[in-house]
């Protein structure tokens, strides 16, 4: 039931976002609100079983601010660096690739998803496979450093920096 | 201002299509398709701005959401998974 | 005027990275490295191009008054951006996984943990 | 001055190129990929022809649904 | 009401049926004046095949495959290519379609 | 034989198509007598801002009914083809 | 598919469903309508099929549910068409009435959802039908192609 | 005033698409390829219909924020919508029949899988 | 009652459609109720068709504008072209409508017990109703694009029905061939519609007929349309799908597929006579149609003789018989520009061809139903394996004899009535054609003799010792058609005067069709 309500709220907010300025100024006309509510209920009834809001911790505004901070402070600069890096490799053609295994020790699905997507978009790495039980990630690394190859699973700090910590803080 | 950008993107699309044609293995072509998707979405947004038509962006959103489904289907076929 | 310059800079960055993506697909030797080019560069380029559109429409919005239809353009362009940001890395992951499972070895690889552990 | 008609020349050529690929190659999965690309570019061309309704329909049906049906059918039969 | 008149000629089924009935009656008349020697169940109705045993009842029925055998032999020059043209391959059907459509368009262009 | 017939008919067919593109109206300048009426009157007659939707559901609504019927037919056909059969 | 794809799909499916309903409902104002929205919505179902497997989906979504939905949508559509038969079949009998009956001011305007008479209802009916139909096609084909041995 | 497109390129693309579709249907023995050929043909016809309705420098026929006088023709777009849905419906039916043919004969080649001829 | 007649064109299409949408819901509740619903709907449609026919023969063309503020408001006020979809029912349309309604009623009654052993019968009846909707739509519409839509409905449902018994390989193959052929044809039709739209910005048939100019594009469109419809109706050399599909479909459906291809023939005639009409160079197109007809007649019948599958044999005869119709109407088309010849023999030839349409639908439907009855009881279609079935299946063999004599043109059956009209009028046009037509009729008799001999006569085979007569509803279905055939045989003058001459005149008089929509 709780999940259902949260899902409904998400759907309703999304619908409102899509139909801004339907009424006077910024607001919504009342027909739009009613129709949106009905649709939100229907959609929530469909997806309630799979929508990943099993716990209420994600509703904490602190986590949202953390997410924004992470997104703008850590993620975007890393992404810019990544792109310059890839551009450099495109032009020169120097690569030294390999697939390495890291274990970030994340528990929830959302956390591992966030981490994997961050890894994919940031310097020289691309998540290829995830272990269903242990949540270990297999990462394709475009420029394998010698010092990271000492132990298995490899050390996170060479591959993806501080991302696992941030993911844990935000999603767990 | 926007039209040259759109044409430039179209040229990029043409270059990517070459990879789609040459790609030795199916995953290579799939990468080409994925890249193509993103570029087409961006050019849709750009063209929407160029026509100065606010409602056109809807098409880009639809494409951004749905091209994902195609990619997943083909990827799942390539990895020989059960549907 | 300054706004225009910012928009032009954004467009230049976006176009450059999209071009890099297109070239990278040809320069790299195998699927995984091509995925690097195809995912990262297009996502980054798209962010900048869409941001350019957003900045322009916001300026038009401010110029035309609050009830201008440009607000819808801004919001929808941002939604499209979010959709790209969400889907692109996931589909890259799916493609990489599919490629590995269908038996494609990474070219010139120095190390392959996945191959060792899951034959 | 670059005129907008240039896009009306580039995009149809790309569409025809994708269709040719379907005709040439024997591997069905590649044919599906290139059909998806054709459908995508077709949607872009509809967009350029000022038909956003049709573009959405082509995006929804051509890209997602019909590719999915093809893949399911190929899975149940054989690949080439 | 029963008569179909179509400008050139006419056709009336009632007349036709009456004629048939008259014919049948005449035939029956002729038949009734025939010999009465024929009897059922005697050697008169047995099959005689130059002294051989006649085939069993099931084998006496002529199979559909064998009917008009001579006809096909006589028209071999027509039947062989015609049956060969019916390949049963779906592509060929569309080849015929394209060919005939182009031919028709060409005829319309040339003749007018 | 089949290949020759194919090549000949196909090439002539495509030649006809290309000839048709040369005599059709130039791209971008169509005749419009029926559509002008629809563009002018759709908003006032049906109340819909989107003229295409007005055409789809009002002026040519019967086509849409037919189209929905086709989809219904196809779905019925597919479900029928993959139906579970009675166990003997 | 992997855990990452599954999580992402469950988030995106909400997005796609809401977006599909938006397209269906705003068919008479913005590009879109019953077919387009229905196709988008059904693509969401396709996403669920590819991410979670048709067997799992089949536990909660059976073909006959979809069949009933589709018949229902078709019946609503043809019923709306029959609704105008007092004048003519397919007559737009709701324009000017209190339900969806506003008449928009002539010329360009941002649009009001409460307009266009029976068209929004027709959009809904067709949308329902297309959703059910395309999902049924995908679900049935996915199930039939997964089970290799068909029960004879 | 913008200049028109030389040689009616979009119409030529339509001709090329239909030609390629016929080439695929005539020459490819694979049944799924055949169906793909029909799909390409449907795309070609759709493109033809939409191209018919385009006006130089036009806008979409939606009153929301657009000027009225330059709208492209709406009827071809409505026809194309119908045609797209018809195409996907036939596609689904054809492919499920192909699946059945494969189950019966073990082949999707149009020559190997036929049982009736003559 | 007036209201009913006014709205009957749309009701004839919409009521089966409504029933088709209701069938899946009702059959979840009760199987019996579904059967009753289907039969009631078809009977009601038959009734509607008959009252509409009476109205049309009394008052002329019936117009129904969909969505306008009045059914007869074809053109909006202050405007010059029609904008909305218009249903336009003239004598030819309602003639085809009578055929469709009758044969489908018989086929549905027949299928009640024929499909008893199959699963998924709710889908079967849904598709059957949809196929009827498609045929009626094609026959009644006055709009080119709408014609395409209903063509697709009829083809898709027909293909799905042909593939209904999926446990047989040939059923699926036949369905697949049918759907490929028909969707290729339909796409070509759509392309032609696009060509018309490009030139005149119109979709209505009557409005197009008023302005059409026979330019180069129109010639291409004409060729494509004629050949696409010719493929759908099974004219040689585009006929090869016909035996494959007809043989594989369930028997009741085969009878309906015959009617469906005749609906395509109607579309062909509509395009040639009404859409192009006097702008056309009639002699050329007429001769094209005549040549198609002659080829169909000859190749169809000669290919029928070697067949050993009874339904394939009958399918080839269906091709051959459609040749007669094409020949008759083609002669009419060839002399359309020549009023004198038209009056002396052209109209007669067309009437013969059109009369042959209804006769063919009836007796070929009956023959396919008897073949289905044989299959139902023996489990095979192979004539080599049959024999002596006449001992046990007396009614079926009587129905077969009626159908066979009628198709071979033996007096006094109705096949002879239409054939003699064709022979005599075609003889005035070109004697050679008439002689070939008679020859074909003789070969038809020969091949049906073969079929009858192999299946019904001969000693009783041991494996068929305890074969029973076909079940009752199948006999009722066959009986409906057989009694109509006998009625038609006894009173041909009545039928021709009532429905055939008006239909022929409706095709000839293009101006009336145009003025019904465009006014003036």
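We call the chains A, B, C, D, E, F, G, H and I, going by the order they appear; numbering starts again at 1 in every chain.
One rule holds in what follows: a residue touches a chain if its C-beta (ideal position, glycine included) is under 8 Å from a C-beta of that chain, and two chains touch if they have at least 3 such contacts.
Model, not experiment: these values are computed from the prediction.
Chains touching both chain B and chain E: H. Looking at B-H and F-I, the interface holding more C-beta pairs in contact is that of F-I. At the far end from chain E, in terms of centres built from Cα atoms, lies A.
As a whole-number value, the distance joining the C-alpha centres of chain G and chain H reads 23 Å.
A straight line joining the Cα centres of chain C and chain G is 31 Å long.
Rounded to whole angstrom units, the spacing between the C-alpha centres of chain E and chain F is 45.
Look at where the CA atoms of chain A average out and do the same for chain C: the two points lie 15 Å apart.
The set of chain F residues that touch two or more partner chains comprises 6, 10, 13, 16, 20, 24, 27, 30, 32, 34-35, 38, 43, 49-50, 52-54, 56, 58-67, 69-75, 77-79, 81-82, 84-85. Among the residues of chain I, those touching two or more other chains are numbered 17, 21, 24, 66-67, 145, 149, 152, 156, 159-160, 163, 166-167, 172, 176, 180, 184, 198, 201, 203, 216, 220, 244, 306.
Multi-chain contact residues of chain A (touching two or more other chains): 18, 21, 116-117, 127, 129.
Within the complex formed with chain E, the residues of chain F that make contact are 2, 5-6, 8-10, 12-13, 16.
Across the interface of their complex, chain G is touched by residues 52-53, 55-57, 60-61, 64-65, 68-69, 72-73, 75-76 of chain D.
Against chain A, the residues of chain C that register as touching in their complex are 16-17, 20, 23-24, 27-29, 32-33, 35-37, 39-41, 43-44, 66-67, 69, 71-72, 75-76, 79, 86, 88-90, 92-93, 96-97, 100, 106-115, 117. The touching residues of chain I, counted against chain G in their complex, run 7, 10, 14, 17-18, 21-22, 24-25, 28, 64-71, 167.
Contacts from chain F toward chain G in the complex involve residues 43-50, 52-54, 56-58, 61-62, 64-65, 67-69, 71-72, 74-75, 78-79, 82, 84-85, 87-88.
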